[in-house]
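You will see two complexes here that share chain A, one where it goes with chain B and one where it goes with chain C.
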Partner chain A sequence: MNTSLWIHLFLFPGLLFAVPASWFYVWGEHKATARIQRRIGPPLLQPVYDLVKLFGKRTPARHGIEANLLRLWPALSVLSMVGAIAMLPVFPGGPGFAGDAVILVALLEIPSICFILAGFTSGSVFAQIGAIREAILSVACNVVFLLSIVTIAVTGRTFHLSDLANVTSNPGHWIGVFGILLCIPAKLRLNPFSTSSAEQEIYSGALTEYAGAALAMWKLAHGLEWVALTGFVATMVVPAGGAWWVHAILFVAISFAEVLLLSAVAAATGRLTLERSIRFYWRWAAILAVLSISASVYARFRS
Partner chain B sequence: MNLLQRFMHRCRRKSPSLFHLNTGSCNGCDIEMLTCLSPRYDVEQLGIHLEGSPRHADILCITGPVTRNALEAAKTVYSQVCEPKAVVALGSCAGSCNVFAGSPVIVGPLSKYFSVDVFVPGCPPHPDAIVAGIQRAAEILADRGVPEKAKGVPQR
Partner chain C sequence: MNILRLIFDNLRRGTVSYPMPHTHLCTSNQYRGLIINDPERCVGCSQCAYVCPSAAIEVTRSGDNYTWTYNPSKCAFCGRCIDRCKPRTLTMKSQLPPLYSTQDELKQVLNMVRKRPVRPAAAAAGTAATANVTAPIAENAKPAEPMAGIPRKEDLA
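Right after this comes the complex of A and B.
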């Protein structure tokens, strides 16, 4: 393996950056929500306290294949997210972790699948309800998500991530980025599409039976999902050219701006029912996505 | 305490997760408890947050005088909260059954069945008192997580 792969996987934007960044983004989400509600909000280290505390809990002993599976799902989510973050084209054109948009989409989807499987593995009724909701919502938002990525790919005439990150002047590219941004609240289970986690309503959704270290891994995976999804949009938005450090700073700044934007939307909206969420994605967002992909394909064959 | 235990102690004290259980309360204490989450009292700045599942919680906040029907549910929920844990009895009903004492359907008070760490009296208790009680419970919880042999060294 070459050196740049190790740098991408373990330094930037990999583990060493991604884990503290996930804490910072989760803190940003809670702090922004608190400020919008005229509260003071949590201290900066709150996500660290929450995570470390969970590692110190004494969880009930489980046995058999169920116990192993319940440990496997959050670990798989964390690993897939670290892989997805390492693939992000933060330095387009530079020597990096050459990747394809298709692999990135697959890696981004793994936490959602693990979340569903975790709900069914735990055997709790509430966890199963959460898992079913997540499965349905995932199908609903992924149509728009995939169409948006294909729009970007058709506009850029490639599926290669570093080349996609270079194309930012085309309107088709921006519509695709907007489509991805529309899907992020559903993928992160934020308001108004928080029906799958639905705190208090179905206890804790798919994670109801989780405790201790396994729950901490889920929290870490969720934080890394924030970094991966906001970072994906950031890499598509950052203009090409410029020094590597400008790219790095813009990547972090735009990602954090997205965190604030998504938190503001989440704080300003209530939880939609599953039916309304599906209607939003399959009716309004899908119309936008189909129109944008049709325009992109038309523009490509015309030129 | 060594450095790791000291850090874990701090994390437990700074991040108490609550699970709220009603064992036949009139809802007065429950409303006052939810008031603590409002912008006026904002318990999130102290790291306190409500959890949807008892498995995720550290502190069990119990309201109500414990009715006969609610007792088994309370025992189940108590057993689902992972160690180290603490119990807060919110309101006079949970502490002494209050005006419901002597009723044939009441089997309380709470301290007959669980080792209650903090009593927050009042009918209903003031949100400030609830926040102070939860903070005290978080300190007890953090001390409880430290092994006995490490407790000789002064904490905090």
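Right after this comes the complex of A and C.
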């Protein structure tokens, strides 16, 4: 394993950066929501306190394969998110390989799959309803998500993330980024697409039966999802060139700006029903994605 | 676009909540705070403990002495003890309770001596029955006389 890969995996944007960043982004989300609702909001270290508290809790004992699976899903989510964050092309000329965008997409999907599996593993009715909702919504938003990534790939003529990160003036690239941005609320289970983790209706869905350390892992995975998804968009819009530290600062700044934007949208909107959420993605967002990919393919074969 | 205007208005107008615990909040006179017992007036009837739904108040007896204990960490601040207290001994503070980190931090323990009931005839005759109203034991170590009409345990034995 070369040095650059080590740095990406364990230092920046990997584990050492990603975990504190996930706390910071979650705090930013809570703080922005609170300010919009005219509340003070939590202190900066609140996500850390929550995590420590959850890890210190004693939880009811479960036995057999079910207990192991319930611990496995959040752990798998955290690992996949750390891997996805490490693959982000924050610095120009970073480690990567042809087709690494496909791996990144696969890693970004793992938390959603684990969420669904956790819902079915727990045996709770609420958790199963949450899992079903997540599965249906995941299919709907992933159509747009994948088409958007393919649009960017067709525009950049590659599936290599470092090359995709070189922002072009092609409108197809920006439409693709916009499509990804549209999918992030559903992937993070934020309003208005939070039907799979509705606290008031189904007691947080798949996480109903979770408590203690396993729930803390889910919280961590969720924070890392924030870092990975907002970071992915950030790498797609940071202009090429410049020193490595400029890229790092822009990466964090743009990611955090996305956090604030998505939090504002979440605070300003109510929860849509599953039917309406699906209709949004299958109808409006999918039409946009199909048009953009068609335009990109046409532009490519024409040039 | 109303929602955007609402968001900007909310951001512009600032917060309406207070940074706890750094802010001392004003409460109304009817605020249900900590229970205060006046040892000068308490007769040790333990009705407060009897009606307390969360067992925050306990009264334990030892002869003529009794211990009145109040644990705010268990208290539901329902005010039933206030309603039941005949001599109007119990009151509620109208301020927020202070922050505490351990369960027994705000616990109040009063060791007192049971008072003689004031009989109308005795009161009229100006006897010293009321003179035996005592403060907590720490202030008045002198044992009180047994309650009139109620035999002691040792007498029964």
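Heads up, the rule we're going with is that the second predicted complex is superposed on the first by the 296 of 303 C-alpha atoms of A that agree within 3 Å, B and C clash if a C-alpha of one lies under 4 Å from a C-alpha of the other, contacts with A are read in each partner's own complex, and residues count from 1 in each chain.
Rule of thumb we're sticking to: a contact is a pair of C-beta atoms (placed from the backbone, for glycine too) under 8 Å apart; a residue touches a chain by one contact, two chains touch by 3 or more.
A quick note: this is a predicted structure, and the numbers were derived from the prediction, not measured.
Per the definitions stated earlier, placing chain B and chain C onto a shared chain A by superposition produces a clash between them.
Of the two partner chains placed by the overlay, only chain B lies in contact with A:Gly212; chain C stays clear of it. In the superposition on chain A, contact is made by A:Arg38 with both chain B and chain C. When the two structures are aligned on the shared chain, A:Val52 is found in touch with chain B, with no touch to chain C.
In the superposition on chain A, no contact is made by A:Leu76 with either chain B or chain C. Residue contacts after overlaying the shared chain place A:Ala268 against chain C, while chain B stays out of touching range.
When both complexes are overlaid on chain A, the residue A:Ile149 reaches neither chain B nor chain C. Legend: residue contacts after superposition of the two complexes on their common chain; A:Val259 is shown touching neither chain B nor chain C.
Number of chain A residues touched is higher for B, counting chain B against chain C.
Chain B is struck by only one stretch of chain C after the chain A overlay, and of the options 2-10, 56-64 or 74-82 that stretch is 74-82. Residues 34, 37-40 of chain A are contacted both by chain B in one complex and by chain C in the other.
On the side of chain B, the complex with chain A involves touching residues 7-8, 10-12, 14-15, 39, 42, 44-45, 47, 50-53, 55-56, 58, 82-84, 145. Looking at the complex, you find that chain C touches chain A at residues 3-4, 6-7, 10-11, 13-19.
Looking at the complex, you find that chain A touches chain B at residues 30, 34, 37-43, 45-46, 48-50, 52-53, 56-60, 126, 199-205, 207-212, 215. For chain A in complex with chain C, the residues that touch the partner chain are 34-40, 264, 267-269.
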